[in-house]
Every structure is written in C-alpha cells, then in structure tokens.
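In the two complexes that follow, chain A is the common piece, with chain B as its partner first and chain C second.
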Partner chain A sequence: MPSKKSKTKLFILVIVPLITLLTGCEFMDIDKDVFVSMIGIDKSDEEDKPYKITLKLYVPTSSFKQSPEPQYTYITKSGETLSEAIRILETYSDKELEFGHAKLIVIGEDLLKEHKASEVMDFLLRRPDIQMISWIAAGRPSAEEIIKMVPQGENAAYPALFNYFDDIGNESQYIVTTYLFDFRRRMVEEGIDPILPIIEKNTSHFKINKSLVLVDKKEPHELPTLYTGIFNILSMNIQVADLIIKEEDGEGEAFIAKIDSMNSKHKVIVKNNNNIALEIEVRLTGYIAESKHPLKMKNLSYYNKLLEKVAKEKLTEFFSEMTSVGIDPIGFGIDYKSRTLHNKRMSSEEWKEAYKNAEIKIIIHPKLKSTGAIQ
Partner chain B sequence: MSSLETINWINEQFKNTNELVQKNLEYENKHILLFYIKSLINSEMLQKLIIKPFFEMSSEEQFNLYLQALPQFQEVQSKEQVHLEIMNGNILIVIQNEFYLLDFKLAKNDKVNSTSVETTIHGSQLALSDNLMTNINVIRSNYHQASLSVEYFVKGEVNQHKVAVIYDKEKVKNDVLDIIRKRLQKVDKQLITSTTQLGNLINDSRFSLFPQMIMTERPDRIVYNLAGGKVILLVDGNPQSIATPVVFFDFMTTMEDNYHTLFISLFLKILRYAGLFLSLLLPALYVGVTSFTPELFRTELALTVAGSRVGVPFSSFIEVLFMLFFMELLLEASIRLPKAVSATATTVGGLILGTAVTEASLASNIMVIIVSAVAISTFVIPVNEMAFSIRVVRLLLIIITSVFGLAGLVLGFFVLIMYLVNLDSFGETYLKIYTLSKNRKTTEEKT
Partner chain C sequence: MSRYYYYLILINMVANVIASVPAILLHNHKNGSVSAMILAVVAGTILITIYTRFFIAFPGITLPDLLKKTTSKWFYNPFIFFLALMWFVAGLITLATFSFLLIRFLTPEMPLFQISLIIILSVIFGCLMRTERVLYTIELILLIVFPLILYIFFKAYSNESLEWDFVKEAALYVNQFPNIHSFSSCFFLFLGVVNLFIFNRFFTKKQNFNWKHITLIGFISTLNLFTTYFIPIGFNGFENIDELVYPWITTSDSLRMEFFMIERLLFVFLLFYLGIAFLSILIHWHVSFEFLKFVFNLEKIKFKGFKIGKYIPIPFFIGASLLLIGKLNEYQLLRYSNFFYDTLILFFPLLIILFIFIKRRMKYAKQEKQN
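Right after this comes the complex of A and B.
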C-alpha cells in the first residue's frame, strides 16, 4: 500500500507529462494580427479563376480620439477556389489575417445569379475563424464596390454598414437581417428559402431596402421595398412598422398606422387531394401617426376596420406573388413537414405544385389604440 | 519541602541574573523574605500592599492572614511554578516557612490600540492591546456569557509565552477543540513571537495556499466568531487574535456588513466578490484574449488593444508579469516604508512609473489600466491574508494561461475550485457556506 505522499508524487509524475501533450491555441500577440472587417466575394472576369475576393482590413490605431477618420486597406485577389485566393491574399499582408471580426459578408449579385451561393457557403462554414453570427448580404452591382465605399461620417473601427444590421443603430422596417447560420439553414432546409438584403450604392451613401430570395435552379427573385417590409412584419424581425391606409375613392380617410407591436402566426391547413390552404394570422397593435384629416376617437373602430382591410389586401398581394413564383421565405414548407408524418407527406414536387395553387386565408386583428392626438 | 532548601534552589536558578532582589524584612518579631525581579513588578503596589502593612500590623499571624486575603494571592504548588511565576512578575513571600506568590506584574503594554488593519467606518474603532490579560478583559467585557472559557498554555521553549485558547463551551465543536489542544501540545518551537506564527505551526499544512485561520484585531469580530462557535487563540504580546475553523466566505465578510442596511450590505458584498474575481482573473484574461482568441473582444476594443500594443517589445504575458512585478514591489515597499515616506512611494511608483512605462512603450496603456484595476480590486478583499493568497494564485493563473490560452484559464480556475473544495480547516470543509452547527448535545455528554 503506497503512502499518501508517494501517491501524490506518482500523480504529479503522471500528470505533468500528460499536460505537456495538451495544446491550446497558438500563442500570437494581438498586434501581429490584422483584422478583417468585411469579406466581399464576386464573380471575376477571368475564365479559369471564377472567384474574386476583396477583403477590407482595419488599420489599428492606439487612440480613436487622435484619428477619428476611418482607415482601411483593401486587398483583392481572384482564384479558382476561395481558399486558394485567401492563401494568396495572406501573402499580401505582413500580418496574420484574422477573420474573427469580419461581421459582414457581401456576395456579388452576379455570383448569386449563377447559383454559386452553396459553394461560397461551404467555404464560409468550414473556415473556423469566420463567425456564424456574421451578417450576409447581396451586393449590387458588385461586392467589391460596396465594400470599398466609405460613406461620409463613418466612425473609425465601426463601419457604417454594420449599423444597418445590428438592431441597435438602424431599425428600419425595410432592412432584412440575415445571419450566416440562418442563411445556411435556409439553404439546406427544404421548405424555406434563403433571403438576403440587397445593398445598393448611391454616390455618397448606401441604400438597403430590397431583398433577394434565392431559389434552386432559378433566377433569384427580388422583393421590392413594400414586400420586404411585409416580410419583416410576418417574420417579426422588426419592432416598429408603418402602414399607409387610404380609402379608395380618394376623398375618405388617409392616415398612417404606426404598428409598435406585431405578432404573426402562420400554418398550413391540409385538405384532401393535395390541396392546401395557407393561414396567416396577424395581430397589429399601434396608433395613428399621421393623418390628412382630423380623426375622432369615437371612430376608432372604423379606422381599425380600414386597417384590417388594407392589411388584408397587401398581404394577399404579397402571398399571391410568393405562391405564383413558388418562393417560400416564410417557411410554410417546414410548417407542413412538421405537421405531417413522413409516410403521408407529399413529395417535394407535389408540395411545390400544391403551394402554387394554395388558397390564402388571412386573418388580421387590428388594434389601433389611439388616434395619436389629444382631443 | 523545607524553606531553606527551596530558597537555595531559587537562588541557584537565578544565579545568572543580577535582577533578582532578595529582601529580608524584620520588625517587632515579624519576619518575611521577599523575592522578585525588580523590572517586572509594580513597586508602588509592593510598597502600598506589602511593606506598609508589614510595619503597621501587630503580629505575624495577622499579616499572614492579610496576605492570603489579597486578590493577587496565589498558592504555591511546586518549585517549578515558583520559578515560572517569578519570571512572570510575581513576588514570592516566605513567611513562617510558608511560600506565597503575589501577582504584582507591571504591564506597560496594556493600552488598547485603535484599529489599523481592519478599519471600518461604523462600529468600534478600538482593537486589542499587546497585553494578554487586557485582551481577555476586552473580550469578556464584550461577551457576557458564563460559558466563555479560557485555557492557558505556555509555548516557546525559550521565551515561554502565554497562549490563551478562548471559546464558548456551549457553542464550540468539541472535535475542533480536541484537534487544537492536540496540535498545541505538539508545537515544539524555541520562540513563539506572534499569533499568526502559532497559527502556522498548528495548521499542519505548510504548503497551503489559503489561510486556514482568520486573523483579526477587532473585538467585535472576535465576539462574532465566538458566538458562531469558533475558537480564538491569543498570544501574549500580540495585538492580533486568530480564529478557527474558518470557511472561505469568512474572509469575504467584514463586520460592517451587519451594520449597514440590507441592500447596502448586499451591494457592498457584490462589489467585493466582483473585486475578488477581477483581481484573480483580469490579468490572465488579458493574456488569454489578446494572444489566443482576439475574437472575444468587441471590434473597437480589439483594434484599440492591437493599436496600443504597437511598439511594445514584449509578448503579452511578459508585459503582464513585468507590470504586476512592479505593482507587487510597490505594495511591499509601501508596507515596509515609514508612514511619512510611503505616500511618496505610491505617487512615484503609481503615477510616474505608470505614465513613463507607456511613454517608453514598455507596456501598453491598456496594460497599465488593467494593472491598476487589479491593484485596486485586491484591496477590496476585506481580510488581508486572503488578499495575499489571491496575489499568489493570480500569478499561477497567468502562467497557465500563457501556455494554454483561455482553455487553460478555465481549467486552472477549475483546479482552483477543486483545491478549495479539497481543503479543510480543522476538520471543517473550506468551501462550506453555512457556519458551524451547534453541537450542544455532545458537549453535555462530555461534561
């Protein structure tokens, strides 16, 4: 029986060599890294090197007070594969490229039109230092141009583009925010289609109010501003939305309903013979923000009815376009799959057909609480 | 035991000192013999209580009774006791072949100090004194219980210091008391000069990183600990006491916690624990994040850290160790220095060195901020001994983090917790949240 002391000695003798076998990450001081701010991926003009990668790199400063102007450097390289291009790009920089802070990935519209999204995705997912919570967006006309633009009044170390997506700066109802992990899920999963915000460029600022829905083997479908807003209401990505309410004859009420709390549920109702109905139930709570005519509190139920009517019209319009094109960014396919057993389920072709001919049921619960003015 | 023989024996024992006074008083068929060490006794009292009555009283018989009635009176049991008590400031009186000891000790160190280590805003500002009897007096006058017991031991072969073990008989755990008695008996040291030294000797774990006894100078804390069933140890000539057994959380409480209202003391407690974790983890976290996983920072912060490190010639862990080394030097220096100079030392060290180091880009600005934050948060830990332990553990965490990164830091912290769980203080688990359970039953059985 070994004594306690010799047991401890034995333990140390065994554990110390074992510990040296463990390896942590590589030791690398922070000033030997260069941080990538954004990644842009485009289609290149060269035949044999289809991908063009542009990286926006931060230039570190010790004090942002002394140099408030944003400073970036850009490196661009085309390659046959993305990894190859990145390997070459590493030779353009004296420091290690650190992708951990790349918050935004912009993919050129041309590349998306050629259905290269899944290949790009593969690279982005496999590289460990690219964060799954980075935002992904489509760049128009090209990712490179979007990335290289620095608008007026941008803060050092926090590119203006990030403010559009981070839910702290900009909360517009027309901006879709897609994370990389969500984008991947939508790509892989059948029954829900990936949606990307489109970043457009003006002479001095960005413009993000449209979105792009990717469909397998088809041209990506662009959602205009209004539909992007409706998508955001239905997916409850936003906190506040405005709806324009107008009576048809032009003489009646015209006001803007400011919706500050929304709740939407959707489900698929399966009828016989592969017929389905899409049921969407939306609760809109808010008040009236702007009006052409004086509004009366006692007429609130009438205004609610107007809101219900307009919302119903717009949603019906939106869904009839979705179904006729055959795109499904809301995820009815997933809803259907989750409600049916696998042996009783339609095949994916049957589902697509059924989705195209689906009946659309929209239930709106309007709840305008005030006219927005004190009488 | 014949008186002549004993007197000779005593003279033999004290032959190496010239301080022993032997006084022969004879007056009107009364005769007494006094032995004492002049520098240890109160000669005023001797004059008033012994010499004056001796000349006033009519018979030796009366004087004998008078002596026995004095409160300082002590019966003599053995020769050894006589020797010891004379050394402790007693007077030996030989009258009619009888030996009496009278405690006329002169103590000049019985002034109660004001608190200097555990200062608080609320509560008593007085601490203990250097005198054991005064200290016991202070404790007794703060803790009015008949069950308060004091046991005396004499420790230190050469200096023969008195050690008092104080406890509330009804609340103390007998196992703990037994362990303390047993270990006290084992203590075999030439010199015992301080309470904490005695604490180390009876701890039985020389290599322990964490203190297993809590040192305190506050009577209110002593009383609080007594009521909680702890055992207090006092050494003569020391203004500090130690209490045992302790749990980790004892070191994170101050007496002021009870003096504030609930929310304020809760806030202070949260602040204190935040300080504890900050001082323990912040330097290691800096090394781990900057050198292994810069993704963890916010982008702005990562860029600022990277920018501020531009031109710094050392790796992050050398930078941290370098700055911490100077901070520790500064701390040590300000303890050792006389009070008048220590303020200058802090200014020179803290302000001038800090700015100069960044100017010369020997360390980054952020490093200086971290080191000062760590230094400040170390002082938040209320008991000094724990702050010392944390300073050592912090270094170990930095070393493991610079080898294994953040994973190493997590693992190291885990090992620290395992170590704390494994630790015990006189049979009580160290990381226990509850205070001692009362075992009144076993006490009744034993007594």
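Right after this comes the complex of A and C.
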C-alpha cells in the first residue's frame, strides 16, 4: 500500500496534466456569433447560379431598453449550390453565422414550381445544426420579399412570423403548420403529399390562409382558403373552427357554427378489382356563434341536420377535387399501406389510378350543444 | 433479484438505443427486421435465464475463479484474455459511436481526438474502482438520468406528429424470414447479463430468480425494442428510413418542448445519453480490466514497493482506442460492429456448454470434499 504522501504525489501527477486540457474557451463565444432567424431560398435570375439565399440576421443589442424596435440585417447571395452561396455569405458578416436558431425556412414559389424542393431539403437535412422542428413555408411572390418584411407591431426579439406557426400565438383554422421533419417524411414517402402554408404579404402585414400541395413532376396544387381550413379540420391541426351554414333559399336559416372540439378518422376500404372507397368520419362538437335570424333551443336537432348537410357537401367537394387532381395531403396512401401486407399491395401506379376513381363516403356526427348565450 | 442485477441488464439495453443497433435494424427494415426482433426477444430471454441460473448457483464467485478451479491453465489463460479483448471492443464501439455523435452535433469545433480522450480518461478513472463502487456509480447516474430519458420516451409517444400508420406499415413486414444481422444486433441488447462474469463478485447472497423476474425482463426488453425500432419510423416515415445515419438523433430533434427553457430536445437527449453511454463503457471496460488483472496477475507486479500492476493496461487502452477512433469512419464502424454482433450470437450460446462442464466439475469437487 503506498503511503499517504506518495498518494498525494500521484494525485498531483494525474491532475496537473489534466489541467492543461482546460485551456479556456476555444469555441466561439456568443459575441462572435450572429444568429440567423430565418432562411429564405429563391430561384435567382442568373442562369448558372440557380439558387438565391437570403438570411435574416438578428442585430445584437446590449439591452432591450436601448432598442425597443426590432432590428435585423439581411444578406443575399446567389450560387450554383446552396452551400456555395452560404460560403460566400459568410464573408459578408464579421461574425460566425449560427443556423441553430433559425426557426423558419421560406422557399420561394418559383423554386417549388421547378421541383427543386428535394434538393433544398437535402441541404437542410444534411446540416446537423438546422433544427428538424423549424417551420417550412412557401413565400409569395418570393421568399426574399417575405423575409425582408417587418410588419407593424412586431416585438423586438421574436419575429412576428413565428407567432403564426407556434400554436401559442395565432390559432387560426386557416394556417397550416409544417415542420421540417414532417415535410421530409411527406416528400420521401409515397402515399402522403407534402403541404406547405403560403405566406403572402400585404402593405403592412402578412396573410397566411392558403396552402400549397406539392406533387411529383406536376405543378404544385394550391388549396384556397376554404380547403385549407378543411384540411386542418381533417388533420386535427387546430382546436377551434368556424363553419358557415346557409340554407339554399335565401330566406332560410343562416348561422355560423363554432366548432370547439373535433375528431376525424379516415380509412381506406378495399373492394375487389383494385376499387377503393375512402371513408371519412368527422365528429363536430360546438355551438352557434352568429345568426341572421333568432334561433330556438328546441330546434337544435334541426340545426344539427343543417350542419351535417353543409359539412357533407363541403367535404365531398374537397375530396372530389383531391381525387380528381390526384393529390393526397391527408395520407390515404399510407393508411392503405398500413392495412395490407406488403406482398399483396397494388403497385403505386395502380394505387394512383384507384385513388382517382375512389368512392367517397363521408359520415358526419354533428353535435351542436347550444345556441350561445341568447336564443 | 438484487436491483443491481437489473441495472446491468438495463444499461446494455438502453445504451444501444443511440448506438448502432437501431441503425442496423432500420437498414434492414424491408428484409425481416420485425421477425428478427421477435425471435431475439425469445432467444435473449432464454439466454438471460440460463446465465442467471448458472451464476446464482455460485454466489460471489467470478467466472475466472470458477475456471481456475475446474480447468487447466493452458485453457483458461488464453480464454480469459480473449474475453478481455471482447469486452474492450464492446466498450470501444460505444465510445466511438458517441465520439462521432458529439463531434457531429454538440461540439463541431473540437478535435475528435480531444473528445474521445476526455471520455476515455473519466471512464478509466471509474474502471480502476472496486466492483461494488462501480455498481454504486451506476445507481447514482441512473437515478438522475433514467427518469428524464423515460420522460423523453413519453414525449415521443404522446406527440401528435407520431404517425401510427407508418408504424403499422412497418409492423406488417413481419411475414419475412428473420434477418441475421438484425437478429444479432437485437441479441446484443440482451447481453448485459454476461457482465455477471465479473459482477457476480458483488452478489454474495443467494439470489432468488423465478418466472416473475423472467417475465419482467421480457416485458422491459420488448418495450425497449419496440421503442428503438418503431418510434423513429413513426416520426420519419418508413420507405426511406434507412437513409438516416443517426435515426434516434433525428427523431429526438423532431420533438419540441414549447414550454421548457430548451425548445430543442436534441441537446437534452444527447446529454442524458452521454451519461448512459459513459455507464455502458464503464461496465465493459471494468470487466475487461478485471479479466486482464486475472490473466497477468497484475496485482502482484510491484515497482519500488508500489503496486503499479493495475495501471499497466491503461496506456494500451488509451492508445488502442484513440488509434482506432482516428482510423475508422462511420460506415466502417457500422460494418465492424455489425460483424462483432454477428460473432456474439454464436459465441455466447456456445459458452453454455462450458457452463455445464463447470457445473459438473464443481459438483464433483463438492462431493469429494464431503467424503
């Protein structure tokens, strides 16, 4: 057994070399970093440099009181590849570009129309510092214009655009939220199509109420506001939704059903000869928020019938458009795959054909519970 | 059974969630991974039962001691040296995987050499401890880390973005012939029990092991395998899941905590797993150290009155692991660890023959003593 003294010696002998490892901060300090808040990717006008990247950078300030207004700088560069553009962009800034805090990626509409989404996605996924939980959206007319806009009433540290997507600020039924990982799996998987919100701009604010479904080798299909809302109801992305209910003759009831709880299920029923039926079951629970005429409590069951009729019409319209164009943002394709053994499935061409001719069955369970605070 | 026994099994299972096991499984997602997993649960549980039963019969005695009593020197010395090498490689795989992970995601500016050296030094400090202290360390770190890892699993299961259709699609590939590589990597998850070769020293009291314990282990392992394989599929889709190099890293990056200080769960996940990986390397290398001590009688080597014996393997461990980590790339690491796992499915069941032999000899020795 070594004596106590030699033990101390040994301890010092081990500890002193270890101290040399603690040579202070070799890594980049926070004041040598500049944080990217959004990434915009566009198609550029130059022929040989197809990609144009715009970065929105936070301008560091020492305290909030000093600059209550939001401050950003923007840098833009075109390149043959995305990485090349970023390499050049790094020379535009005196600090290291830090992508780890970029929460929104905007892709220009023109780039999406040219089917460049998969190349863009490859770049975004291969970099380990870009978050898989960042949101992805389409910019109209271009990503650059969307990124460079600062709307009125924006907070200093939190760009207004984030509030649209983060489920805590804005909860509108017309905003589709797509995370990068969700976008990836929809892109690479057959049987579910990627859907992106479209960010448009007005003079002083943004407008996000449409969405874009990307299709292989075809023009991306735009979903108008109403269909975007229906998509959100069906995918249960939202908590609250309004539905306008009108009887056909102008004299009848016209009210707005506020749905505060919804549940939707979908499944594929396979019949023989590669014929399929899509069954959608939606449960809508809520109350009446606005009406043209006075309502009667005892007529609630009649109002429910109206709701069922209108919802059925709208959903049928929605699905007949989806099937006729051949797009599948809800994911019936993967539902089919999850029900049939892999060696007994129809091929993807057969499935596409079957989907186009699918029969649509819609079951609505309307549950209007009240007429609101007044009759 | 003593709770320390479960730690040994649990750590091997959980540590490999992040290492190469899910990558191998997901690589063969269309070639019989699911059936291999089911088979591995059955085979693994049987193996655990046999090994535990064997060591319960000899409370407090390690495998080297048993071999010394029952076999001759020409057999047990090379054999135990071989075991020491094996355990070293097992630890090295975890170490290399984790060093690669850290450099990719946590500290991209740090040299790989430095990252691995820091892990190695802290592990080796632990390896030199006595066996029971190693177990206490394991308990301490597990107590801190494990609830948080369970919380992350809970977050994953309760996430709305988890698409069960993908999971069902993957599960339907069950009607295929089991894939050998998938089977061997799953089987490796169950091999935590073989650390009893040395750790049996700690279990000096006669333990009780019956079907209740077996069911519990079977249940935990099934749950663990299910999470390992299906959660990444639920988040990343089925068709192209094999293109992900680190499936679980991508998956944990897909989780979002809206109301926590850190929104991106990836870093929390990485840090917790650093703890688990540390424990896994610690256990493997401790066993390896003990084997080496036994083979070369390291305890007896003295230099000017100091017992320096147990420090002799350290430079070899550091040198070999740094050299290999510097040389390997990610693809080679995956292939070699795959090969390593493949050899294990032959080796450990074959050891049972040796156990039967030892048991008979010990019985014979006991009878002779009584006469």
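In this section, the second predicted complex is superposed on the first by the 347 of 375 C-alpha atoms of A that agree within 3 Å, B and C clash if a C-alpha of one lies under 4 Å from a C-alpha of the other, contacts with A are read in each partner's own complex, and residues count from 1 in each chain.
Rule of thumb we're sticking to: a contact is a pair of C-beta atoms (placed from the backbone, for glycine too) under 8 Å apart; a residue touches a chain by one contact, two chains touch by 3 or more.
This is a predicted model, so every value here is computed, not measured.
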Exercise. Now for A:Asp94: first (chain B), second (chain C), both, or neither, which partner does it touch?
Worked result: neither
Exercise. In the superposed arrangement, which partner chain does A:Gln131 touch: chain B (first), chain C (second), both, or neither?
Worked result: both
Exercise. So, does A:Thr340 touch the first partner chain B, the second partner chain C, both, or neither?
Worked result: second
Exercise. Which chain, chain B or chain C, is in touch with more residues of chain A?
Worked result: C
Exercise. Given the touch rule stated above, what does A:Ile30 touch, chain B (first), chain C (second), both, or neither?
Worked result: first
Exercise. In the superposed arrangement, which partner chain does A:Glu189 touch: chain B (first), chain C (second), both, or neither?
Worked result: second
For this session: With the two complexes superposed on chain A, say which partner A:Thr61 touches: chain B (first), chain C (second), both, or neither.
Result: first
Exercise. Looking at the overlay, does A:Ile168 come into contact with chain B only (first), chain C only (second), both, or neither?
Worked result: second
For this session: Applying the touch criterion given at the start, work out whether A:Asp216 contacts chain B, chain C, both or neither, answering first, second, both or neither.
Result: neither
Seminar exercise, completed: Intersected contact list for chain A, partners chain B and chain C 26-28, 100, 129, 131
For this session: Under the touch definition given earlier, write down the residues of chain B that touch chain A in their complex.
Result: 290-295, 299-300, 302-310, 312, 315-316, 364-365, 402-408
For this session: Note which residues of chain A are touching chain C in the complex, please.
Result: 1-2, 6, 18, 21, 26-28, 100, 128-129, 131-133, 166-168, 179, 181-182, 184-186, 188-190, 236, 331, 334-335, 337-343
For this session: Note which residues of chain C are touching chain A in the complex, please.
Result: 30, 104-105, 107-110, 114, 117-118, 121, 160-161, 163-169, 172-173, 175, 235-240, 243, 250, 253-256, 258, 263-264, 305-307
Problem set entry | Footprint of chain B on chain A - complex, ascending | 22-31, 33, 35, 37, 58, 60-64, 98, 100-101, 103, 129, 131, 157-158
